[in-house]
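Chain naming follows the written order as A, B, C and D, and within any one chain the residues start at number 1.
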């Protein structure tokens, strides 16, 4: 019963986020009222520092945020997990150092520098996705390898090897289902980190879109005392998304 | 969330006079580890404030007028190619020794040496290597181009005097002639300065001045709100709008003559802004009042597209009235409808990126598609990038016209190529006759107002947050870097 | 006064009943053996006595009353002990209160372990020692009832003897026992009564037990005779292998012909499983060769041809890990068919799955179950069926019958014997069970500390009718082990 | 022993690779010390002169070789401002390490406690609350959380200073009150991941045969946690704590900015903004080396905390 309501609420939320740009009463960029108008006088949640409708900006920004974060979380955690699994299952001894040492080195470069570099080379949303993905690959790979190593020596994996299963089956059907728990948890954390890195990139002047929620937070911060809603609404949005994403990830395992 | 402003900003430096004694703690935007006690090494606001009380210039500005500092007079030769500098007598360094012409000659060499992190731009005008000491209080200074009013240049460009032979500027070794001497310093954190009782301009009121360095605007405000400091320079408009609910504190403005110009410079070398009609159309199309109300939250006034409001010679023309029909017509005539233009901007002042976004919205109405190109402050002035953009956001304090137009003429992408402007500018710099200079500056600004490439949509108040008892804060150069040599507690 | 009083207990999982109205009372000091075919519900009942159910199992009716502290010893001792604590700490934790130093020593002494083991970690103990430490844990709270779930299946004869001796001592101390076993022959003298469970019901008195194992499954000679005539199918020469430089196998050789059964014996840790893994290509020997029909085999199974992969099948030792927990029985059985025998059609797969399940004594409706929904013995048989699905020429069985009751064990061994006779399947049988080894094999290979100390025809070593336990114990007892193995049967 | 030697050699190689990566990477950053320094008032000659003085006109490999040879002598280069980078870094590395260290010291028991509690009560309200709470925390950007803490505890309640102002040359250790809010912000930001990992590992252990065996033999929760669950999660928890700690040393940029805390992150940001490449390179290298060290320590910690590995394989 409660579960059903939760699922429905989640779907409604997803719908709002994805259809947001169509639902928004105003454009994301046009001023509609004096800056920092409180809720009521200028839209449900008031207006931001340029007099733009907070509700409309939140509605416009949800889709880019969700897609950016999801894509980069999947790319980062997915690639990381793939590398980790391959390393754990590889038969050749050189695979481990060849794949993992460079990743460890990459892990040692502060993510902020990685983001700066990638965004310099690719100064758009794709760059942001790449930056977040690159920043999460090393840790995801470690998590995946550690999890897969527990499973690698199990008799059913050896049986599958002995009957000549392809590596896709070995990874996808023998090992993955057993490490899906930690990987899903990792994916959930990656998603939140992605949202957060996107926001942080905005904080450092590296934002890549008009109105994704990270940018809204960054923009609303100086005027938070004047118009708290402009800050609280996107923060709440991100929090809800994060919780929902993690619940989903846990469900899937 | 419903905090009504406790009070509108008050003007000035505090109601009462500063009394002698006490410790004044003031916080300014810092430059982190890059800060320095060397007046030619640090480039952040707190560096300027600190340098101003530790070191003196030969001349300073006071209400846009040049007043004598360590020098009493700079007398140009008739052709303007050199000047004679007469120094003040009886000035002492913090270490007790006497200030002489040797110090000045050394300072000229020091400030322009290529290994300086921030060499003085005075080097473009003064031939520092050829400075000659006539006697302990007189020097002869050759110039690289004719200067009609050398004192103005000595006041407007950084030209702090350091002691002959000084190479090291640590808390123990930095020696100036200013109202305060340094007792402790850590870059990016704080400087502790003690009153210099032998100051030639009269001893400062406060016993000690503590300059605190922070980079986050809200953090600066918080120090005053929580009693960690007495004065925060250059605070965000939002803080003023929110107001402070503390009867001991007040928000101050530096006044009408000390505002910061907010605007854009259009690139006259690129389409569509190579066409004066399009430049004019932009100036006709922008909603100045909306920008002032939104970006400045009303703290300021509309601008008339000319830089240096508040400086001497500034032409206080009436801003162009908004006329969208006419603007659209001009754009159509120029065949620039639907043109895509990139405006490069960085948040080196709060509100720059926002003003560019708002500009983009406003210019939609006349068929120009503006793409804000938001970058970090460190890369903003990369020459190739500026030259490739159709415009940049731009800001300036009430600096002398010679400084501002001098800067603009040298920069690809910002310089405005116009014969009449060039001639008038040359005369304005070189003429030794005050009347001729005034005439020439008027002409420079006529050209700029008629067809120029600068847009100044607003003049922003410079706000600060202060304990009510803080008194005696004055402006010499720019209001963002006030002079604290006469400041103290009432 | 009774310690346990269970009445009308019903347990169900999904749509089927596991226990169907079971009544059981155990009086103070009484020892009850719980036996019955694999899948009868023995483990489920034992756990119910402890007030516990495995995931997926629900109690639908009945009452369980227990008085006094209960000790419990599960099936696989290796995985029960806390790997992060030393033996002393494990035992003190188990006591649940502050105990004097001597407590640990006394407890170890009770399970016939030297006090010097107290400072070791579980992984530093042999399988037999681990099982005895686990028993000590169960004893730490001085239980008045001890629940034992097949406590000796993983043990070689010597370790088994030690554990049995300790259980006998406990009996003498008046501890009540609920003892799950499929080895009634051993247990019978040590218990007061035997409860037989079948299909979730108590199936009547002990009379249901069949006669002695050997009588029913007396050694027959024909395989041996025939085997000698055939050419060999698999040969290993001078196999040397180890883990991270620790040698485990040294210069071991073997050969086996179609239809032949070679039993590999040795105490725990002797290297039997390692040998099996080398043959199957799952462990790379440091030197030595394996040949199939005179063709050399690659040391790594991944480098072997499909026909070579199909020719050798391994049933691994650990039944808990042998099956993928998320794959149904059907998937487990059809994969080898597809990959190694090219059976792609669903209908044919279904037919073969049913056939295989039936052959190992399982209901063909079990194909949709996940391993977690099977009993220990059922899992072991699915693993065997999976190996047979590849239709191998050589079957290597690492303890395939350890979790099976005598009845089922007999069925499985009959199946193997039938395949040997009809199809010429060669079987390498690794086992701790002396009776099985003696009754089924044609030849014996005895490993000691990684070296092959003896290979000989079974008939030469054990005359028909001799007690297999004694025969094997003699083979395993090496001079170097006599001081430890003092309490032999 | 050879294993250890090989490990150290690999790490050394990684350090070299890291230094190349850092040097080249930073060089590619958009900020340019020359233009950011000279602003719009510089002539091309002035710019060229400054470029030459800073040695930026030489090819990248030459500059790297120069820099790397300096590293061996403990010389991290010279800041664009002319001061040795080592001098700029020394205090700040300590300050940041102090901040991060304190944060980890608080975060470790906190995350362990919460993670174990959630695992013990898995599937129940407590578990869901802790999971959701940690996710909420991690999804509120740290600078927003820090701002909230300042508003509540400094501006409104006046319990702690809003900004970490320190007298010149003083160590934060002498002024513990300035550490409270920054450390609290970092703990809030950093504990969520640890809580989730620990909860996962603990839940797995609790579902395993060892936990079942102990439970069925009458061992109750606190003892079970102390004897089995904690030792089982520690190897992975220590990894997470170490890595989080290093990440906090360099990743506290925004928190340091909000509090004006004189740390390495603040130095990094201000140097990026002024295009002070030698400082950026040094900071990033130091952070990277710390991370490599942490990963190495984490590897050792796993061995140390896992008896099977510590005592050298099976029997």
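Everything below uses one rule, namely that a residue touches a chain if its C-beta (ideal position, glycine included) is under 8 Å from a C-beta of that chain, and two chains touch if they have at least 3 such contacts.
As the structure is a prediction and not an experimental result, all values here were calculated from the model.
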{"item": "Identity of the chain that, by mean CA position, is farthest from subunit D", "value": "C"}
{"item": "Chain pair bearing the highest count of C-beta contacts", "value": "B-D"}
{"item": "Distance from the mean Cα position of subunit D to that of subunit A, given in whole angstrom", "value": "21"}
{"item": "Euclidean distance of C-alpha centroids - subunit B vs subunit D, Å", "value": "39"}
{"item": "Between subunit A and subunit B, centroid-to-centroid distance (C-alpha), Å", "value": "43"}
{"item": "Distance from subunit C to subunit A - Cα centre to Cα centre, in angstrom", "value": "48"}
{"item": "Set of subunit B residues in contact with two or more other chains", "value": "218, 375-377"}
{"item": "Interface hub residues of subunit D, defined as touching at least two other chains", "value": "30, 147, 269, 272"}
{"item": "Two or more partner chains touched - positions in subunit C", "value": "none"}
{"item": "Listing of all chain pairs that touch each other, if any do", "value": "A-B, A-C, A-D, B-D, C-D"}
{"item": "Complex contact set, residues of subunit A against subunit C", "value": "91, 154-156, 158-165, 173-174, 177-178"}
{"item": "Subunit B contact footprint on subunit D (complex, rising order)", "value": "30-32, 35-37, 39-41, 43, 46, 49-50, 53, 79-83, 88, 92, 147, 150, 154-155, 158, 161-163, 165-169, 257-260, 262, 266-267, 269-276, 279"}
{"item": "Subunit C to subunit D touching residues, read off their complex", "value": "47, 50, 52, 69-72, 74, 76, 79-85, 89-90, 93-94, 96, 121, 123-126, 134, 137-138, 140-141, 243-244, 246, 269"}
{"item": "Of subunit A, residues touching subunit B in the complex", "value": "29-31, 34-36, 38, 49-51, 204-207, 219, 221-223, 225-229"}
{"item": "Residues of subunit A that touch subunit D when the two form their complex", "value": "97, 101-102, 104-113, 116-117, 120-121, 139, 146, 181-182, 185, 188-189, 192-193, 195-196, 199-200, 203-204, 214, 217, 221, 224, 231, 235, 238-239, 241-243, 246"}
